[in-house]
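In what follows, a structure is listed as structure tokens, so that the remarks can point back to it.
When the chains are written out, they are named A, B, C and D in that same order, and each has its own residue count from 1.
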Amino acid sequence: MQPEQTPALRALYQGFEEEHIVPLWTQLGDLMPTHPTPQAVPHVWKWDRLYDLARQSGDLVPVGRGGERRALGLANPGLGGRAYVSPTLWAAIQYLGPRETAPEHRHAQNAFRFVVEGEGVWTVVNGDPVRMSRGDLLLTPGWHFHGHHNDTDGPMAWIDGLDIPFSHQNDVGFFEFGSDRVTDYATPNYSRGERLWAHPGLRPLSGLRDTVSSPLMAYRWEHTDAALTEQLLLEEEGQPATVEQGHAAIRYTNPTTGGDVMPTIRCEFHRLRAGTVTPGRREVGSSVFQVFDGEGVITLGGTEHRLVQGDLFVVPSWVQWSFAADTQFDLFRFSDAPIMERLHFARTHVEEAPR
Amino acid sequence: MQPEQTPALRALYQGFEEEHIVPLWTQLGDLMPTHPTPQAVPHVWKWDRLYDLARQSGDLVPVGRGGERRALGLANPGLGGRAYVSPTLWAAIQYLGPRETAPEHRHAQNAFRFVVEGEGVWTVVNGDPVRMSRGDLLLTPGWHFHGHHNDTDGPMAWIDGLDIPFSHQNDVGFFEFGSDRVTDYATPNYSRGERLWAHPGLRPLSGLRDTVSSPLMAYRWEHTDAALTEQLLLEEEGQPATVEQGHAAIRYTNPTTGGDVMPTIRCEFHRLRAGTVTPGRREVGSSVFQVFDGEGVITLGGTEHRLVQGDLFVVPSWVQWSFAADTQFDLFRFSDAPIMERLHFARTHVEEAPR
Amino acid sequence: MQPEQTPALRALYQGFEEEHIVPLWTQLGDLMPTHPTPQAVPHVWKWDRLYDLARQSGDLVPVGRGGERRALGLANPGLGGRAYVSPTLWAAIQYLGPRETAPEHRHAQNAFRFVVEGEGVWTVVNGDPVRMSRGDLLLTPGWHFHGHHNDTDGPMAWIDGLDIPFSHQNDVGFFEFGSDRVTDYATPNYSRGERLWAHPGLRPLSGLRDTVSSPLMAYRWEHTDAALTEQLLLEEEGQPATVEQGHAAIRYTNPTTGGDVMPTIRCEFHRLRAGTVTPGRREVGSSVFQVFDGEGVITLGGTEHRLVQGDLFVVPSWVQWSFAADTQFDLFRFSDAPIMERLHFARTHVEEAPR
Amino acid sequence: MQPEQTPALRALYQGFEEEHIVPLWTQLGDLMPTHPTPQAVPHVWKWDRLYDLARQSGDLVPVGRGGERRALGLANPGLGGRAYVSPTLWAAIQYLGPRETAPEHRHAQNAFRFVVEGEGVWTVVNGDPVRMSRGDLLLTPGWHFHGHHNDTDGPMAWIDGLDIPFSHQNDVGFFEFGSDRVTDYATPNYSRGERLWAHPGLRPLSGLRDTVSSPLMAYRWEHTDAALTEQLLLEEEGQPATVEQGHAAIRYTNPTTGGDVMPTIRCEFHRLRAGTVTPGRREVGSSVFQVFDGEGVITLGGTEHRLVQGDLFVVPSWVQWSFAADTQFDLFRFSDAPIMERLHFARTHVEEAPR
């Protein structure tokens, strides 16, 4: 469908180049495909290998002002070697050695941490020390100061999720250094934010203004586990509770609005009953999953991958995925769905069950 | 400022009457006062007297289809003998004898129950049995079927709050009978709604559509008490947490939105530290308080009333009120504030602290 | 279903009276009917008779500070002689003699004026003079100062609509006197608000904050007429445009939100093609219509009324109504629908077309 | 701040590469700068040169199915030769020869056209023919079918704006071919959408559901010009109307919400009085301006550019810009501000006026 390559056309194309012009007709198919054709590819990262590299980094790389964090970013093989797990999302394993402190800073980028194993680190968010334990989701929304310190004699690792690629791509980032130490080395069981906000359906009268991101900086495993357990029990009792047969799931929300915890990142937790197979699903936007417990198989764009605790994988936009759970299978998920929904690009396709 | 009473004017006024006309100039001051001048008056109802009348009703008045409920409505002395505690709100003590059942029905009116003492009754809301215990707030939002049954050999009483006066005045009510018995006599500790929804900040993926009223039918005392306790502890630690010095408070919310539990009724719980005196406050709209625990004094439109557990009082629109707590003083409150806010009539005036 | 009248019961009822208690079981049917059973009744007021009384008032009753307005309120025959056209709405004819001024004031109540005939008066809203001409809707939202002056040697009359009954009933009103004269006697064709805001789909960058009520104080007949004319033309061309066959209609909106012009009052204009008969309709909430042009019949709760220009009628909650248009039939309508919708009491029932 | 290059570190980095891992500490400054440091650069494209290239393309390149559009995309010199005017926005000049048709298609990407000169083309949006004339803004929101045809014997060119870079980067695009011809060759003065929706403050009752994008496909110059003219007149009368002294501006809005016309693209029109100099301004997100009329200078990141009718320029994120108007100076603007606001990344800095 391209015009004939005449001298006149070549001259025209030369003119385009001089004037910083690119014609649509030479690149329409790439720019405007019939459905999303991501450069990002599905990929699985194995936790034991990640952890090993993180541990080695702990020996070789200091943490402190400048580098700021000992974080290893998952680099999607389709995205040219940048530490982008998808075009919008950053996922990393972060490692803090015994008694180490990662200094305070803040940035426009939204961030969270999820803990698949270990304990002993507190993240201090706007001065409020937040314990990090297995199964917890911890938030550091945009422009909140935060630093971490390890209060024990052992190391600890966890995953970080951020919207760094989106922010970098769209030139929205700001960054500021804070204290070189964390501002409060206390190690309380519960942060002040939780003490104010982690009461189901109850809102402090001192907090009636809705906030862009959740005022609750920690979502504890005990609550997540209880919610999922109840969904499966209710399902057994014949009640509507699960998202589909054998598949319990919760979304982490901002209690001031009932919406997502941060403007760009959705966090969820999924639990599959042993033996459950989920239908193939495609969604606009990208997701990262981490196995929290149990074993199973993810079929990702037609390829099966066996997963165990800690393993991470990315689902690029419109790539089909489905689970088969060998045991009870628990997975943490985060995605860019709030971006897609707020900008009205969200679409979902669920494969019909075979007869 | 009225025109002279001439024969011509009398003839004109006669014409008005024939044509169902009333001139503004004869009634402007009453219709459009410089500030709200409610017909409703401040009033206190003593719990021991209410409970005694309710108990006598239990002996003399059956509960069942037709009368529907053994409920004694608080009738504001300024509102002409109708069972209106204010122009918008209904408040009643309801009494259920041993093993009695109040049959199921539903209505457009929004309702809740709050339990100041006793236990042993389950309210069944759209088929979901909900335990009622001291300190609990239980919802039956508009058009939800509900009935109650007493599973014990003792009586139980509680308060009901509804928007009956508002609904009646504005002709919005619908009513339908349901089962003559409750549809489920099970007596679980926690309702299915709680098992799905009472996990702080967590939302089931099976419940992503926002609802007009809360999907959580019970707000348990253990959570309310913990939230208030933490606010006062945080205040002691020098942290912002209370609504004003010595005054902890929570609002009950719909977890799908962070807003009020029902479209017309706000529910809150307030705890004052012993010795706390609150500044005089006036608000557009009316409120009802019930003492849950402790003792203190309410100054209501300039008159002091000593209050003990169970006592109820109404604050009409723009009447000034303030508390003085003798002990730790716990009060449940409900009001028509969502009406005022949604229609943009809300105003508040807080007296400045004396120097 | 009432308990037997024993001495004990009489003693109990005596106790209720002493304690300001009214039992639910004696009044349930009245308080909570199966559907709305308004005290307000359907009623028609004839414009020629209203205008005649207004003109007489012009001779006998001064306008000025104190009485404030020479306004004759329509008093629903079911509402006990108060100037309430419905439980929520006030409707009046207001009359201003040659060169008269109605002084400025403001109130929490929301108000509008609609002009069925005449011209020559300017209403000055927060200092902005707004011309009043046939077919125009003019707003004076809550807490906006407003006064009127007649710039001609003839009288002028129009209708006022307000939420006075709602405000009075619920004790939300505030009132303040302003200038005894209007603050600006200029007589521009278009108000400043129109010059800023009456450009379709265009919003001034100086007005990016959404407002509770419309910033546009005048909706001109030329626009309303054009919109309705186009809807009927589009219908003739086979395009979806009308609300039902032969029935064009627009809603007046706040351009900052696309929603109703004021928080409590909806304004609409309806045009029926000659010969159109609309299906019977019931709605929760009350409406007032005024015939602007043409002739037809309204069937209101089963009774037919013939209507000509200027005639007004009220439709109480849940009373069935339908139109039959003899000529092209133009009607202005206002209602309390925003109250019903914001508080989630709205319901509509439309009679199915007979076969 | 980088760790010492030891053999162990090299081995570690080798491990990273094998496992598709990139450490944060090697790239923090690039990924998370202290403020946005866009790759995109400020750039000006001269209309006469663009038009000349478009005209030559008209001679050499056919328009039709496959290439779809004869559109020349502005390629930001900092963005590696792709037709991205900024990381989020596409801007192109499109050219249609006499009697040509650009076939129908639809895509998830949002699009608009703005006409700086010429007439005679109709764009057919979801079957509704929309005239394109000088000064008009025409919308084709995501997933609306659209094609264009030239009804005259002369050529016509205009600019297209889309969110192609954003959509491509984030893998959200869908695309579908429609009719090879436009579905309606009628050439009405006003589209059906305008006839329904272009009445200030009036909403058809057949269109009460809010829409993601504006239902109004054309914003006519006559309205834009009138709105800006009135703002400057009001300013002369001493009234608040302009966004700053000598600077009138409107935003194009969706009349169902009062918000932006499409979820990802904001459109505005600015008029500066001759002699006006605007303060330096930085904003998160990128904008494209086109001069519609008059002459002036834009200072863009410290460099002055003289501009005449048709000239286009891009302002990357956080680059400072200010205008100096030699004549009355009219500019059309579009930007990705809705993305920044919906995701809460928006920030603005305005230089204080020098004393």
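The working rule: a contact is a pair of C-beta atoms (placed from the backbone, for glycine too) under 8 Å apart; a residue touches a chain by one contact, two chains touch by 3 or more.
Every value quoted in this text rests on a predicted model; they were computed, and no experiment measured them.
J.: In contact with chain A and with chain D at once: which chains are those? Just list them.
T.: Looking at chain D and chain A together, no chain touches each of them.
J.: On a CA-centroid basis, which chain has its centre farthest from chain D's?
T.: The chain farthest from chain D, judged by C-alpha centres, is B.
J.: Taking each chain's centre as the mean position of its Cα atoms, how many Å separate chain A from chain C?
T.: 52
J.: Distance-wise, how many Å sit between the C-alpha centres of chain A and chain B, to the nearest whole number?
T.: 42
J.: So the centre of each chain is just the mean of its C-alpha atoms; given that, what is the distance between chain B and chain C in Å?
T.: Their C-alpha centroids are separated by 31 Å.
J.: Where does chain C touch two or more other chains at once, residue-wise?
T.: none
J.: List the residues on chain C that touch chain D in their complex, please.
T.: Where chain C meets chain D, its residues are 192, 195-206, 208, 210, 214, 216, 219, 223-224, 226-227, 230-231, 233-234, 239-243, 249-258, 261, 268.
J.: Name, in rising order, each residue of chain A that touches chain D in their complex.
T.: Where chain A meets chain D, its residues are 1-3, 6, 8-9, 12, 15-16, 19-25, 27-28, 31-38, 40, 43, 45, 49-50, 53, 56-57, 59-62, 64-77, 81-83, 87-88, 92, 107-109, 142, 164, 166-176, 212, 263-264, 284-286, 316-318, 336, 338-340, 342-345, 347.
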